[in-house]
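Should a chain be cited, it is by its letter among A, B, C, D and E, assigned in written order, with residues numbered from 1 in that chain.
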Amino acid sequence: MKTIVSRIAWLWILPVVLVAWEVSTRAAQAVYFPPPSVILARLHELWFSGPAAHVFLTDEAAHHLLPSLGRLVAGWAGACLVAIAAGIALGRSAVLCDVFSPLIHFFRSVPPPLLIPIFMTMTGIGTPLQLTAIVFGVSWPVLLNSLDGARYVDRQYLETCEVFGISRFRRLTRVILPAASPKIFAGLRISVALALIMMILSEFIGSTEGIGYRMLVAQSELDVPTMWTAIVLLGILGFVLNAAFLRFERHVLTWHRGARKTD
Amino acid sequence: MLEISDLTHSYGAYQALGGVNLTVAEGELVCVVGPSGCGKSTLLRSIGGLLRPTGGRVLVQGRPVEKVPDDLAIVFQDYSRSLFPWMTVADNVSLPLRRRGGDRRSRDTAAMEALEQVGLPAAAGKYPWELSGGMQQRVAIARALAYKPALMLMDEPFGSVDAQTREDLEDLVLQVRRSSGMTIVLITHDIDESVYVGDRVVVLSKSPATVVGDLRVELPEPRDQIATREHPDFVHLRAEVGRLVRGMRSGGPAAAETGAETGAEAEADSPELDPATAEPAPVAPKA
Amino acid sequence: MLEISDLTHSYGAYQALGGVNLTVAEGELVCVVGPSGCGKSTLLRSIGGLLRPTGGRVLVQGRPVEKVPDDLAIVFQDYSRSLFPWMTVADNVSLPLRRRGGDRRSRDTAAMEALEQVGLPAAAGKYPWELSGGMQQRVAIARALAYKPALMLMDEPFGSVDAQTREDLEDLVLQVRRSSGMTIVLITHDIDESVYVGDRVVVLSKSPATVVGDLRVELPEPRDQIATREHPDFVHLRAEVGRLVRGMRSGGPAAAETGAETGAEAEADSPELDPATAEPAPVAPKA
Amino acid sequence: ACGSSGTDEAKPAAGGAGLEKTKLNIGVVPVPSSAPLFIAKEKGFFKAEGLDITTETIQAPQPVMPKILNGGIDAFLTSYVSLITITDSGMAKLKMLAESQQGAPGVNGVMVTKDSPIKEPKDLKGKKIAVNVVKALGEVTVSAQLKIHGLAPSDVTFVPVPFADQLAQLKAGTVDAAWLTEPYISAAQKDLGARLLIDTLSGPTENLPLDGWATTADWVTKYPKTAAAFQRAIGKAQQIAATDRQELNKVIPTFTQIPAEAASTMAIGTFSTSLNATRIQRVADLLSEFQITKSKIDATTLVAAPSQ
Amino acid sequence: MTNARKALRGVLGVAGFLLVMEALGRTGIIDPYLIPLASTILTGAARLLTNGEFLSQVGVTLSSCAIGLLLAVAVAVPLGMAMGTVPAVERSLRPLVEFLRPIPSLALLPLAMFLFLSGEQGKIALIVYTSCWPLLINTLYGLRDVDPLAKETLRSFGFGSYDVVRLVSLPSAAPFITTGVRIAASVALIVAVSVELVAGGDGIGVFVTQASSGNRRDVVLAATLWTGVIGLLVNSLLAKAESRLFRWHRARAGEEAL
């Protein structure tokens, strides 16, 4: 009980920001910046005023929100698996790393909006395209962090492995992966928010549904409050996903917090 | 088991090993002593295949060391960095045992046994960072012992434990050696210890290190903390080793030639000599 | 200078310190000995304000330790982790001197001086990871010495150096103490060392640690590696400390009451006693 | 020409007197419709009016609305569809200063590949049609054409794909048809042998006004003389563009990356020299018919009457 | 010497990739109309080098990126330090940070354009906004990974928390932070180009807009290639600086092991 109260207390910044936002938008009177009360009202009307049987989701939400979320989760998970595996392989093999790093640094600097049409010619329209785009966009920070993490494993850990003839596989799973995990988790934490961004971006081109598509329509109709509901929705999603992620991380990195005496 | 000939190693411009020659027979326990920073750990790493020496040869079981030889264990000097903080103590000890085959159950039993031997049965479920320095060091020893290697390299393995635990661990090493017949190279700073546990004591000069003394220890077996240390040969040998080490430090090993007497530590420093002209001390006549 | 009363500390459910009482006068050098894992480092961290003990009080210069007391230096047991790998040895040593004010030049001179004292003038420009274990330990000592604190806490500061260097460092500590009057608490596993350098030797029981012995060392000053160690009081004291430590380890401290004799290590283990019922040993009558 | 609201006329124009504002930043889109502005610039028409013009490349007015509202951009090229949707959204009151292109055959159309099974418009039922932007000209004009063939907008799926990528998508088969404009139509014919399935500027959408130079109503009120000067300069250039294809061929490659050869062969709409509210009303009506705007916008409010 | 070998391997990797793409195109496995032949794109890219217009647009994008990245480092690293060392700051700001992070910069474009008169400033603001996050997160995680004994060492000498942060936490977390900088650098480039694509102004994105309006897909791809190459060059510069600065980090880690 007490922990719940203290947890909520830590959210003090949200009401403060909301009030400041409300006041400043009301003062500025700029059409582009509706006050949060208007946005929240629209958010409710647009997405959450559905029947109780549908967990209050409107048809609009079911049509646009759920597919987006599905792709988000699948794309993120896929990207993380691919990127961690590739990052560790490259981090542990100087040859592979030298051979592939120019290509990696090349591709991660190309703006996804320029590449999505090219993906589209291969995947067609729809979920495969969005998944590809999410995987592509999300992989880089995870890949880079895993690569660096796997590359700079304390030498003595590796020497210990060699001395005791620990097999390559165990070395990877029991030593290199945990040793790199603080850095990998940094990459994953970045990637959670990035996945949301890529989810939106991927729905800007060659898509006919999803939050991004809804945002695109709102943009071309200049339906400002709806544009803002999408932004707020993303923020809320980011907040929730991050909280879930931190729980998972706490669980996996218990040793690290103990060894590093953090919190 | 182990043949080292003309082994040299330089870190950049700095020469740490200046031509080390050493042979260790199967089942022997050789102690290496020498001044701080002389190159003992470097020598150990070369034997363990963790360092490619810049010159000379190391043969383990007749094969030149290119990579880490099979069936080897090392207790690192920097033990705290060689335990994995993400695993419990028991997992740290049992991890290498996969190599030995056997199921999980038998590995766990072997790990527990080794932890009991070093006096840490209660620490099995803890993480290394929850242990004191000496306890961590003992975990590192337990890991190496549980592994039962053919060749064990120990770099100051008892440096962080109290006197009594140290004696127990010395006896433990002797007992394990007796029962499994493993070959052991043990680096130590404690001259008494080197004489007590070693079949031979090898003395290195300051760096570039060379072997300046190689004394055979012929003390009655099995050794015993009380009886052995009271044995006149023990007292004589430790004085001799002390003199060799000391000689190295302040110059040449010439002083080692002066007769042995009890209380080596009480002896005055040997006169300053140019190490370049000094001859390596001969193997002690006692051998 | 230092007053510790009823100090307890628990790591979660595990109680490491079980009510430690200890007073150290200004300028005193107190050695703390005790079995591995008994809580010596924990005690040191509590004095240093790095750990908030779960019970009891620590006063340094009359003030309760809330944060790190002023004018303090610690030589950590895990010296290799306490040196900063991104700085040269000289920078590592001179870094704390920034707190003392003074210009760069004078800091560098002080750092070089300290490095010379520990025999490492040549290592000044190297990085810590280019040094051997013993050399790193000496750098950590040099750093603390250069800082010239009012209170110095040393956790097994000589564990990784050879016998001769160890003696030199012991003498160095004694000499610095004499010339600057600093108060020193030194943890060691070497009973001889505790008696040689200490004004008092405090013996801790196994954890939960309490003080089971507090012996005043009244050996002639200045101490001398040869003469002091041959002094009959030295031999007597080290046997006494040995017995206290040993008694702790195998159960209660009762064995400490049996008369002192030379060659304490040669003594048989005291009979197993329940530590819970055992009384702490009284302060040695010699004091 | 059509009358405009009284406020626009409030300040009597003292002919030739000093302008309220001489430095103008114009948002241009790199398409043929911007040509008159560059002609005017090149021929010194702006300078003659005392205007100093800078240009900034934009894609569409929607994303740069804040800049338009805060004065970062004075006037900009916009399609009528955007003009009307923006007005409908209530975000800003915009006014057309001058018209640019008006629809002509072959300028916009739905294309399919050479061997596509779609032979006539009604085959589009259930198909995916690529449009550059959703809820805009493409959707409206295609819907108007489909209506003739008995199809509702919901019978097809409009997929947003940038023009430049539509040809590749068409070839890859990821879309069944593409609503294209020039120069892409010519390119599709040349590269893919694509067929023009529907000319979307014919029949109900014939001669539909496409785009023009717009600004905010406030701006017109604040700078009436400047607005007039801009209109005069652009008007002259429109005249040239309307009559001299050679000039267009010359100027288009200078501000777009359309190669000179393509510029001279592609279809271009007509450049009208007047603002006609009745014509514009057709666009507004279409938009409201296909529910792209919520309300029916009165076209007369969208026009800033050109002054002499 | 090892550098030369590294570069050689990199060149081999790139050459291999190009050859495969070329072969796939030539054999018709990939329709060259959908993805033009590698050789076509390369020639196009080479031709762009003599295009003064393109070069000046590249200059614009690069300078916005550089300014944006510098500002982002100046904002995110100290903020990360504050959040990483004072738990109350971290817990308080976390909800806000986590709310803001997933908002795409493009969605905030109107806000940026509204707040900043010049398009250039708005673009830089968005670059700062977006590239802050990887920097912030990597800084936070880097601080968590600092050896507590190193911090205690400094504390034991009586240094205050500010000095501990400056003298120990920052240098130990530096390798983490530079990974963040490298991620942020490419993020900055991506944001710059994306904003230019949508909002216009000047820069590579605008050049791409112009090219695609002229149906010059070859030019678009060539410009795309150049953005990638620029990212690659920036990364190798940063990597070089990193290996210079953090020799100690590599020395401790078995970099060339395995």
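Note that contacts are C-beta pairs under 8 Å (C-beta built on N, C-alpha and C of every residue); 3 or more make two chains touch, one makes a residue touch a chain.
Remember, it's a predicted structure, so these values are computed and weren't measured experimentally.
Any chain bridging chain D and chain E, meaning touching each of them, is among A; the list is complete.
Taking the mean of the C-alpha atoms as each chain's centre, chain C and chain D sit 85 Å apart. One inter-chain figure worth recording: chain A and chain D are separated by 38 Å, centre to centre, where each centre is the mean of the chain's CA atoms. Chain geometry summary: the mean Cα position of chain A and that of chain E are 17 Å apart.
Rounded to a whole number, the gap between the C-alpha centres of chain A and chain B is 52 angstrom.
Residue positions of chain A touching 2 or more other chains, listed in rising order: 30, 32, 121-122, 154, 159, 256. Each of the following residues of chain B touches two or more other chains: 78, 81, 130. Among the residues of chain E, those touching two or more other chains are numbered 34, 110-111, 114, 147, 197, 220, 249, 252.
Chain pairs that touch one another: A-B, A-D, A-E, B-C, C-E, D-E.
Across the complex, chain B meets chain A through its residues 48-50, 67-68, 70-74, 76, 78, 81-82, 84-87, 95-96, 98-99, 127-130, 143, 147. Interface of chain D with chain A (complex): residues 62-63, 65-66, 69, 85-86, 88-92, 128, 133-136, 157-162, 164-165, 168-169, 171-175, 292. Remark: chain E residues 147, 149-150, 152-159, 167-168, 171-172, 174, 246, 248-249, 251-252 touch chain C in the complex. Across the complex, chain E meets chain A through its residues 5-6, 9-14, 16-17, 34-35, 87, 91-96, 98-104, 106-108, 110-111, 114, 133-134, 137-138, 140-142, 144-148, 175-176, 179-180, 182-183, 186, 189-190, 193-194, 197, 205, 208, 220, 224, 227-232, 234-236, 249-250, 252-258. Those residues of chain A that touch chain B in the shared complex are 154, 156-157, 159-160, 162-167, 170, 174-175, 178-179, 181, 255-256, 258-259.
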